[in-house]
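The following pair of complexes shares a single chain, subunit A, combined with subunit B in the former and subunit C in the latter.
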Partner chain A sequence: MSRWRPGPISIIVFVAALLPMCELMLPQSAHITEAVRGVFLYAILALGLNVVTGYAGLLNLGIAAFMAIGAYAFAILTCEIYPFQFGFWPGLLLTLPIGALFGFLLGAPTLRLRGDYLAIVTLGFGEIVQDVLKNLDTITKGTQGINPVPAPSFGGSMWTADDEYKWYYLLLALMVVVILGVRNLERSRLGRAWFSIREDELASRSMGIRVERIKMLAFSAAAAIAAFAGGISASMLSSTGEPSNYDFQVSVLALCIVIVGGIGSIAGVLVGALVMIGLNSIVLVKATAALDALGIGAQGNVLLSPNNWKYLIFGLALVLAVRLKPHGLVPPRIERRAS
Partner chain B sequence: MQDSEVFLQQLITGLSNGMIIALIALGYTMVYGIIELINFAHGDVFMLGAFLALTLLGMFGMEAWPQHWQLAGVVLMLVSCAAFCGTLNWSLDRLAYRPLRRASKLSLLVSAIGCSFICTNLGLFWGGMPMDVFAGGVAAAAPKDFPQLVPQYNLLGESAVRVVPADIAVLVVTIPLMIALVYLVKRTRLGRAMRAVAQDSTAAALMGIPVDRVIGVTFFIGGALGGFASVVYALYNNTIGFQMGYRAGMDAFTAAVLGGIGSLPGAVLGGLTIGCVRAMSDQYVETRWTNTIVFGILVLILIFRPSGLLGSTRREKV
Partner chain C sequence: MTALRASAITVRFGGLVAVQDVTFTVGEKQIYAVIGPNGAGKTTLFNAMTGIYEPTSGEVQFAGRSVCLTFSTRVAVRIALSALACALSSLIALNVQDLWQATIIDNYQYAQPFPWVESAHDCFDALVGLMRSGGAWTAILGGVAGGGAAAVLWWRSRRTPDLIARAGVARTFQNIRLFNELSLVQNVLVGMDHRMRAGFWSALMRLPRFHDERKHFHSESVELLTFVGLADRADYAAGSLPYGLRRRLEIARALAAKPNIILLDEPAAGMNPSEIVDLMTLIRRVRDAGTTVVLIEHHMRLVMGVSDRILVLQYGRQIAEGTPAEIRANPACVEAYLGTESHG
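Moving on, here comes the complex of A and B:
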């Protein structure tokens, strides 16, 4: 046993835990914890995607669909207009098996497909889920989304959006739980089987790895984690939002996080989430505010609204990352050991 | 209108849109056939072509031109959009795909998704251009009206079923292009080089075929077909928007897969089928379920018959 040394993951978590205290010393306009919550949420989603795309090497372009399934499942299980009315914690825990079940349902017939076809099937699944959620409006309330979705409550009173720091630490804690979970998976027999089929499917099969079953587990695990992220997001926003909030753009954002950060690397996913969500919800938002303050933001010129640069940033991030840093900003350790 | 007339009308609409989808699908299938890449950006290249057509229309004030001059205007749009989309598609290959020839297939696909997002964003910027045809560019993201350059009278006279000149225009543009394409691929030296690269690029290189140049030309031709399709689409449907590339791209990709990816007749058959399925679903199911049905078809074909209707079964090589 080697002595424990703080790695990049623990450093990131430690800094994140101290951030609110540092922030309180700064003026209100410099507060960023609310945006950082989004980093945690997307980090959880991307950690899920990382299991299937990073570990097992299967490109999933419909991860947002599982997030939607988690959000709607959580809402239906907990919201007062439905008969179930579970509390926050039982509801949130149930998103895991529900997500895994849908992952299994999609994976069972499709995992034999080759890589690029599988990617397209998952993309199609993502679109179908959105359409079904929108069109089955007797159950899902269509484009209005389901609300109010309950927040956690400790000691009687339920949290509101004002309990900024409670939410912050809850999300941080849930992210740490997910990190510990995927790290244990990564180091397990199952994790090694995932790496093995990613590197060479035929060789793994020859060594007695049951490829279909191992792929299926990766698919289901990713779907479960994404559904978990969906449940958290619905609770935090107190609404599922409309189905198109879980569109292809969300799946691609999660993919950007994994690719830019370092495919197959947990620390990479955290850094990737920080970079991508930081650009998306902190830099772009602050830039918009700054332009508005100068009085040139709202004049209708398409180029002056930073929000309109989003697709370009995601697209460039993907193209440049694949070209210049194929292993990402923080490559996985296994890669480094090999070289 | 009788039931049979409703059906006939939907069939005509479906076939016209199907021909347009087929033209886009040919671009997917050619690129997939040669480098096994789903060129995600193809739909967005098509979308940018439609924006160029509208820009040309606005720049030269074509709406005010006399009738027969408008016909010349349409030809101008077809030629410029084909050249533009072909060059754009070629540049994507040159800048974003060619450096990844030795990388994994997934990196290539990720790069293509990135290109698609970049092109979508360029379309959004383009929609904000301060021109009258873009409604002054105030609402950049809003769909734009594309003026009806092709007259809207019924060629069947008093009949309840309408066949408008635009339906004919679709056929006049698409059919010769498809014939020319098949001739190019089957009968010319370049076509033979393309088929050789598709079959085995290493062996083709050893035989002295400039593989990268042939792939580049394939991208150009695929993009040019998308450019033609964009003008026809805009003239036929009279509305364009920066997000239409995704939808059109998915329809066309489904068509290519349905027909058997890599097969030219397959892409046309698939396009016509998807066009008709869309029209029938709009009429007899509900418009809001149409996209679900198309995606459902895509998923089912990939699961049960990945080689498509006309494609050959080829096992994945080790």
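Moving on, here comes the complex of A and C:
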């Protein structure tokens, strides 16, 4: 074993852990921890997508559907209007097998599809799940969404939205757990098998890799992680929100995070989440606020508000990333070693 | 002991007969060469033997047994379970809201322990009700679809490349197929994959078993890279290797599976004469280590130099089989390669 040196992942986590303490010294208007929670949440979602799309090379455009499944499963398991009434932790843990089951259900009939065809099926799955959730209103309360979804409680008292820093550290910790899990899988026999089917499916099959099984594991693992993210988000918002909160835009945002950050790279996903979500809910929001404060803000003109430019900026980021850094901001390790 | 026996292999693509009625036997620890002009069906024969194509007719046996997933109790159970699951889920999908209403909502009032047993009864009653009101046909349809899908899946995966690889047959490809973005060590480790036992959970939890296995296979893969002379580049990406060395890596990856038989598809293509000499030594060393070698090759010096026996194909038919000396003396083979002498 070589001596441990801090890699990009541990540096990011370390900085994130110190952030709230630094922030306390700043005025309220400069606080960003609440927005950074969104970065963590999307990082978890994108880590899931990275397993199926980055490692196994199976383009999945419906990852938000699994997030929705996780959110609704968590809500049904924990909310007081249903009889199950699990606590926060058992409920959150159960989102993993439930997500994996739905990943299996999507994966099983699509195993032989490749590339574009698979992408279209997953896209359709994303839409179907939204529609099903909307229309099964006896179970899911339709477009109302399920609420209240409980927050975690430690030692009796349940958290509220005011416990900003507790939420921050909880999300950071859950993200670290997911990172460790994904990293352990990546650097194992399974991770290698995922890479090998991404590189050359026939060759890996001829080396004795059971391609179907390995693909199913990728699908299920990704779905489980996305459902986990869904459970966390439902708890954080104390509601599942309406089904259309988990639409195609969420899937595309997760995909952008993976592509901009570096497809198949954990550190890349973290950086990608920071760039994309940071842009969305920190830079643009603060810029809008700053412009308003200076008196040169939107004032009714939608074109002048930076917030309304976000999809243009996302698109631009994606084009620039693919053009200038085709392997992402933090490409996976092997590739760097080769050059 | 025979390592490989192919009997009356025919591969047909629509109207085109790529391989017709080819029969041959490879003894254990032999070096066996398949030669023939371009388009003679050599690679097709390899693909049919390794499960990439299903031979139209004929049988391939490795070490006296045909590698095939026969219909067993396990397969039957799997088909039955799949049928049952699909029948049940199509029944539920028929009216999940009423089911939920009857099972959960009607039984649930706040602040009262939920009557689980009663709820399960109601669920069963609701399912029976659904069956009565025309749901039975849906369930049957779903069951047939599910069972049928599982049966088709089994039928199509009776003889897949991964099954054959697991039975101890490794191969290389004519147009090198490495995992370019993986390092050399990782390429070799993929070849070892089916000898590994630590699965998902031991990888996720990093159980001691995982560490033991990793240490063991990592050192073995470095040994193997030393064997083919690539150890100094172990951590480079396979895509960064020059052409000649890629073939060596592919051989190392195939050897990593500890196969009984290794099939090499044109291992010397694109190599210069000195590389070919190295390759001949390598092939002999592989055989001396106890592996049967079957190879397709165009370089006659290599074929004649290393082979114990040779099979000659032309237009998909076998025109000769024998020792190098016999083949060299066979007029049909000379004709196939050089064309007929014109008599004036």
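As a working rule, the second predicted complex is superposed on the first by the 331 of 339 C-alpha atoms of A that agree within 3 Å, B and C clash if a C-alpha of one lies under 4 Å from a C-alpha of the other, contacts with A are read in each partner's own complex, and residues count from 1 in each chain.
Following the convention adopted for this analysis, a contact is a pair of C-beta atoms (placed from the backbone, for glycine too) under 8 Å apart; a residue touches a chain by one contact, two chains touch by 3 or more.
This is a predicted model, so every value here is computed, not measured.
Aligning the two structures on subunit A places subunit B and subunit C side by side, free of any clash. Within the superposed three-chain model, A:G57 lies in touch with subunit B and out of touch with subunit C [touch as defined at top]. Applying the stated contact rule after C-alpha superposition, one finds that A:Y165 touches neither subunit B nor subunit C.
When the shared chain is aligned, subunit B and subunit C each come close enough to touch A:L202.
By the touch criterion defined above, A:W89 lies against neither subunit B nor subunit C after alignment on the C-alpha atoms of chain A. Taking the C-alpha centre of subunit A as the vertex, the lines to the centres of subunit B and subunit C open to an angle of 80 degrees, rounded to the nearest 10.
Look at A:F14: by the touch rule set out above, it reaches neither subunit B nor subunit C.
Within the superposed three-chain model, A:F154 lies out of touch with both subunit B and subunit C [touch as defined at top]. With chain A fitted onto itself, subunit B and subunit C come no nearer than 10 Å, counting C-alpha atoms only. The residues of subunit A shared by its contacts with subunit B and with subunit C are 109, 202. The touching residues of subunit A, when paired with subunit C in their complex, are 80, 82-83, 109, 136-139, 181, 184-185, 188-193, 195-196, 199-200, 202-212, 217, 332, 334-335, 337-339.
Touching subunit A in their complex are the following residues of subunit C: 50, 52, 96-97, 100-101, 104-105, 107-108, 110, 114, 119, 149, 157, 160-162, 165-166, 170-171, 173, 177-183, 186, 189-191, 193-194, 196, 198-200, 203-206, 210, 214, 235-237, 239-240, 253-254, 257. Within the complex formed with subunit B, the subunit A residues making contact are 57, 59, 61, 109-110, 113-117, 119-121, 124-125, 127-128, 131-132, 134-135, 202, 248, 252, 255, 259, 300-303, 308-312, 314-319, 322-323, 326. Subunit B makes touch with subunit A in their complex at residues 36-38, 96, 99-100, 103, 105-107, 109-111, 113-122, 124-125, 127-128, 137-138, 140, 246, 250, 253, 257, 288-289, 291-292, 295-296, 298-299, 302-303, 306, 316, 318.
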